[in-house]
Amino acid sequence: MNITLDNKDGSTLLRFHEERLDAHNSKELKDYLLELMDSGSKKLILDLSEVRFVDSSGLGALLSGHKNAGLREGRFALVGVQSRVQSMFELTRLTRVFEIYPGVEDALADGTGERPHDSKQD
Amino acid sequence: MNITLDNKDGSTLLRFHEERLDAHNSKELKDYLLELMDSGSKKLILDLSEVRFVDSSGLGALLSGHKNAGLREGRFALVGVQSRVQSMFELTRLTRVFEIYPGVEDALADGTGERPHDSKQD
Amino acid sequence: MTRNRIKLEIEIPTQTRYLGLIGNIGEQLAWDLSDYGGDRDVLAYNLNLVLTEALSNVIKHAGSDNQALRVCISIEGNSLSIQVHDQGLGFDLEGVPCPDPEDLCERGRGIFIIRHLMDSVDYRKTDKGNVLEMKKKL
Amino acid sequence: MTRNRIKLEIEIPTQTRYLGLIGNIGEQLAWDLSDYGGDRDVLAYNLNLVLTEALSNVIKHAGSDNQALRVCISIEGNSLSIQVHDQGLGFDLEGVPCPDPEDLCERGRGIFIIRHLMDSVDYRKTDKGNVLEMKKKL
């Protein structure tokens, strides 16, 4: 798994440099996210712009990141989601679960940890 | 076969919009080049920049263009040859046979119809 | 007649590292199919996805390092069929529940995705093990 | 043991439109091979090329619209083997002359290219026709 780390305004920016997030590397990503959070990084922004393919186990790794950030009162935001990956979220009804932003700046600007859609509701 | 035609300073610029020049489309290219020359276009510049794969029958079509231009005292220049395609020319020792230029402008600037290497020889 | 058929029989080691290869071969098929009227990008992604899901299920739930993973893809006219073989204990396909969208469980979406993207899905015993057969009209 | 083997058996209609599909599958193999130390771009192009040359020879010289074109690619350890089957009259591989670089003939470079890129090339009768077998150490 090829991933790089960066600090941006107190958030940890992760760039996932793989074309696929699938059963071959999803476990590794999941464990990596958990380790990061356990070592104190609570605000994670995962840049998926190089990922053109996600399978159900990849979704599982992202869900794990999302849930663990919630448990630790941290944050897990996704940026750079390609349209085919987005349709995977739609197919599995996860679009409203994840905190998704177009780019890193958008995620940083809206650093509430709330889902972007929440403000529009009720 | 997807090919487009353009006139540039008295030369006919052909852009070959296919990734492959192989046994599936080489006959069509060969016939097309011949028709063009028979209908009076004597100076042809073929832009191969979209072609990432050429097989031996594709080489045959290019050789046919080269030979027929010679017979008609015309010109057949290649531009935008990708490095993998260039190595096909090398493997089959055709590098010095074809008139090859980096880009269209280079081919037009040197509109002698001589092979670019010829000037360097004795 | 088999003369208008494309057929691929593939064997790979039972390892997740080869999921990308098979998925990409599926994409290639979508791009090079003659006479497909739909969106090839979508078809390519979907073939990649169902192949990846079905093969990773075998690796996770029925795999053995000593056996090859076998998949057969055939296209005849507008009928696509994918067969993924395993030599595990088998499972009850009809009994696999549809995932609850409210439940953020990390697994259990593979069969759902396959069912959603293919016209028919069937799992049965063969003389050498089991086969998951997925069909779709293109 | 066959457990570390990748094996593809492919059948396509005897038509040049499928050359790209098979060539691209060959490229995919080069990219997804584990443990290849060489230049993958070059290997990808070369597999694409030998597959294209061998298959187009069958279509040109031994093809029949009624028969499927069959190719088998296998990789075991660092041994790559490609077998291309035909049901034509056969030919004398050893008798194919090396092309004269001074002769600008438009054909006759396919076998030369295959020989140049592979370690061994062999053509023989089988019970169903003929097979061109090309091998290379990766």
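For reference, chains read A, B, C and D in written order, and residue numbers begin at 1 within each chain.
The working rule: contacts are C-beta pairs under 8 Å (C-beta built on N, C-alpha and C of every residue); 3 or more make two chains touch, one makes a residue touch a chain.
All of these numbers come straight from a predicted model, not from anything done at the bench.
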Set of chains adjacent to chain B and to chain D: none
Separation of chain B from chain C, taking each centre as the mean of its C-alpha atoms, in whole Å: 44
Between chain A and chain B, centroid-to-centroid distance (C-alpha), Å: 49
Distance between the centres, which are taken as Cα means, of chain D and chain C, whole angstrom: 27
Overlap residues in chain B, where contacts from two or more other chains coincide: none
Residue list for chain D, restricted to those that touch at least two other chains: 17, 20
Chains that touch, pairwise: A-C, B-D, C-D
Residues of chain D touching chain B in the complex: 16-17, 19-20, 23, 41, 45, 48-49, 52-53, 56, 59-60, 99, 101, 104-107, 109-110, 112-113, 116
Interfacial residue positions of chain A with respect to chain C in the complex: 19-20, 22-24, 30, 53, 55-57, 59-61, 63-64, 66-67, 84, 87-88, 91-93, 97
Interface residues, chain D side, partner chain C - complex: 1-14, 17-18, 20-21, 24-25, 28-29, 31-32, 34, 65-68
